[in-house]
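Structure incoming, see below.
Per-chain residue numbering starts at 1, and chain names A, B, C and D are given in the order in which the chains are listed.
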């Protein structure tokens, strides 16, 4: 039997070049960097990876490169949702051929489907997929997968886990109670790193954390502290991680805040396929300065030249003050001010 | 200048063959039937048309056939949303070439975008599309387009209207107040036929109504009664139309109730690409009997052989009773019971 | 049989004196003013009347004064919801004694109750109230009353109508279809004046409109235009009324915007029992200037001394500009600027 | 300085006699029973205690009895929310006189207030209350208290804690990060026992748990296991507690499921003030049999005579099967069946 999915999987962002096409070199360099910093697996074509903004052909290429570049160092969990069941199963077959460990399939979106329809959809996939399937529950974006449906779907051996991005710890407990007794091999992954420690404490096997694409050292460390029982230390880091997570999540339309952050780690991700308005482009620069300060506190990047002001918890104010400080610093350099 | 979009546009369903492919012959026959019964325009690749469940190539074919088959008899409003701005603009170009009158572009979905991002997205399209663009606001499925954003987008000449499926009459009033003074040519279409008469009364130019794909005679009649001032007669029909609409909308996951209904008009639409569970398949048959009774009251189909029981307003009960009646009728025929 | 409830009922605000107690003189003067300007009835202890912020004794006094001051000129619909069924029935008895025409009872709030519990609650009241009862559905604040529940409750003769503040025109249609065939005497009142005309067009009997406490002349006129068939004229006024309604509703926490507006009609309503922060107090003054401009356009008050700037539809901006204009005007007067 | 609020506070239910009045003897007996089984404090007039369904006088009596009966054995946290700020402050004074340790004040409800209004409301109370105040955040029933507002309110010394019933562990982390650095004495209590262990793990000081009114031994044990570092054992109990909690919470309109459960511990709580329909009354009996089985598994009550069937996780089915089993057992006793 295949090994259970566990640890921190990175739902990786995709770098684009000046023309808006996949920047393969940068993407490969980014994968190496993630693996070197300790992520347990890769998760291409997730929400963080903006899978809906790529074409079918691009989605395949994104998984292909990931599988090649990982080359067995870490498992690849490939997002395989396509326009309909037939196309999704076709993607499962292809990703199986690429050597992915499993696929993750988001519940149908756009239409809000009933539990019965969600069940029918995944049942069809479970019956025909040649590769292990992970359910992907993200109720803020897609039709929710409720507990009775998860229980019914866990009867299919081909379904080996669920990735849940609800962020609801009690829901995680309910899933575990409903499924684990009969399926000890079933993997529970949380997509909400803001609750990473409590999720692991109640029994989750790991997570798919966008933040691990920005600060892989930290999410790895929190995982290890928690699983080795150093809970207090893990909680202290968890509280600090939430600040970073919240800023990336709420400062811009997801996942733009994460794109802004990853650039601070030395990668060129280019412009997103979702256009930014003029106001948004300006705001992004201010955001990056605050992000740099938060990440500098973790020791993973240098602080900006002008130094970091104390943060107030009010992001709008912090952005203004930090940018003003940067401008003042420049002026001081030039002997003005 | 092109003519303003007005009247009832049909967001047409797409018939599939036994293999799940587009059934072109039936589709063309259906288009003719709609036009003969008085719809003012066609709207392929809408939510009713399950655009997200088709591939890029299929979506193009769906529009191409519609344009060919209409052949200028009525205008085609083509749904053109694709994975990202570049792909969407490419679709605009192609549909322009096919002879569509305009495109309708749904606000970005899956991710819930802020008004600023929604603006940036449509601005990019407005600047590059060679064909007139209609905004498509459907807040239950996609990022909402709010009034200030509509006002800003109405500054682009290329944007010629909005299709709103919120069903909120006050919102329609607000849109009209915000835009019409500066853009008398801007077209306001409602996607919520349950409020068709009040929407027209407050100033809407027409609608894109899934129900017009089932009972085109009726939606045409309601439109004409309302616009000619026969409000009381229109309201009486409106109240009855709501019963049909509600049953189609709430009896199954959208748009399956509409698919079940259109078959009663003599078309073979095949099975949806969203699989049905066993329970759902059985339920669909019961639903069709009730739908047949409602539609028989309008005189557009015959009542089922067993006759129609009075409806209670409780769909679950009505389905059971009507099906029981059908079984009893069969038994009586055979001399049993 | 008693006369059906119809027309515009004013859910009146309650003026307070400097100590925060009911200002009886001003309240009586306000009631006279409303009746003189044509409201069809009064509705004390509604949401607009902040019934939850008064004590039991005060709520009784509010109804008593209303009944006395009306003195039969117009009917009084008295809000009678209390802490529990027993207390609510006691209030029904008392208001019956005061001479109210009927009571309106909001669905249970705080706890979100199921339809079955909502039914059980109103059934108990229907069985014991000596005065006609109007259901009050306001889903944004209290447990919703759904269509099947309304249908079941309409079986009690004592229940004579429903006041619905959902603002959903289709819901109004559904209620009318479900109840009117068996209860032609049942009254349908809308609490959402932003949809007053369409609600009347589809068959509502009238409304309880907070705005009628501010501009009773206008709501009366819209009612009469609509019921006499002058729909186009009514719609034109409706669109303008929405601007006033939206500003009062969204500018401050309900019903503070309405309190700010009524003062412009020459009444002293004192400070609300919900305290304002410093920022809110300042903002209220700016709001009043914009409200004065909107109301001046209707001819019911004079424009502010500095004149009125064109409004942009962006309330925040309009407030700033209008206040700035006022300050500039003062400075000009003094020869500055 | 007063001792920090910590541990498990019981938001106690109130027993009623045959006439629907407070059953003082049973209430006092219940308080003793709770204290003997280890609850750390009492919380009268909470949501569980149905504070909105009592009169002002009754709410005072409820607190008075609690303070008397506790007699210093455990602290009393008294719910003090009244119709408006003045009345609420009056209640604070009275409860101070009764000897309560602190009051808990729910955010304004019915009207949905903005953060600024929530702030203004609590500021007024903080300035005038003679007794320590705990904020009570229960966003499913009342205006939410957001992080910036909590931070501002924590500047008042009189405000000593927050009781949060959102059930959101990340929100708990955010509150702690925002307030604890400046107010180490500030108490964080969770009202969501379904997440009791993870909440304590991330730093909560305790909770106000309705479930502790049913199985005080268990909530006490979970608290002690968690705070003493026996996390795995605590989590195992937590998962089982969720089953009980979910059944009580979802089986009936809150808090009726808890009322049904407490009777199994040997108390007579009488009928709720919220009337039950006939169907609800029948259903309640079936519910109690399932609850008895769940509680028997914890060893706190005996199993029903007919024994307990395995539970499926589907409450509706479990209720039917268990009741059927009970009927069959009776028939077997009588030699039938």
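Methods note: a contact is a pair of C-beta atoms (placed from the backbone, for glycine too) under 8 Å apart; a residue touches a chain by one contact, two chains touch by 3 or more.
These numbers were taken from a predicted model, which means no experiment stands behind them.
Note: the chain lying farthest from subunit A is C, by mean C-alpha position. Our note on geometry: subunit B versus subunit D, Cα centroid distance of 48 Å, whole angstroms.
In whole angstrom, the spacing between the mean C-alpha positions of subunit A and subunit B is 36.
Those residues of subunit B in touch with two or more other chains do not exist in this structure.
This structure has the following touching chain pairs: A-B, A-D, B-C, C-D. Against subunit B, in their complex, subunit A makes its touches with residues 20, 47, 52-56, 83-87, 108-114, 116-117, 119-121, 123-124, 140-142, 253-254, 273-277, 279-280.
Note for the complex: subunit D touches subunit A at residues 147-148, 151, 167-170, 173-174, 176-178, 192, 194-195, 197-198, 201-203, 231, 235, 238-239, 242-243, 246, 313-314.
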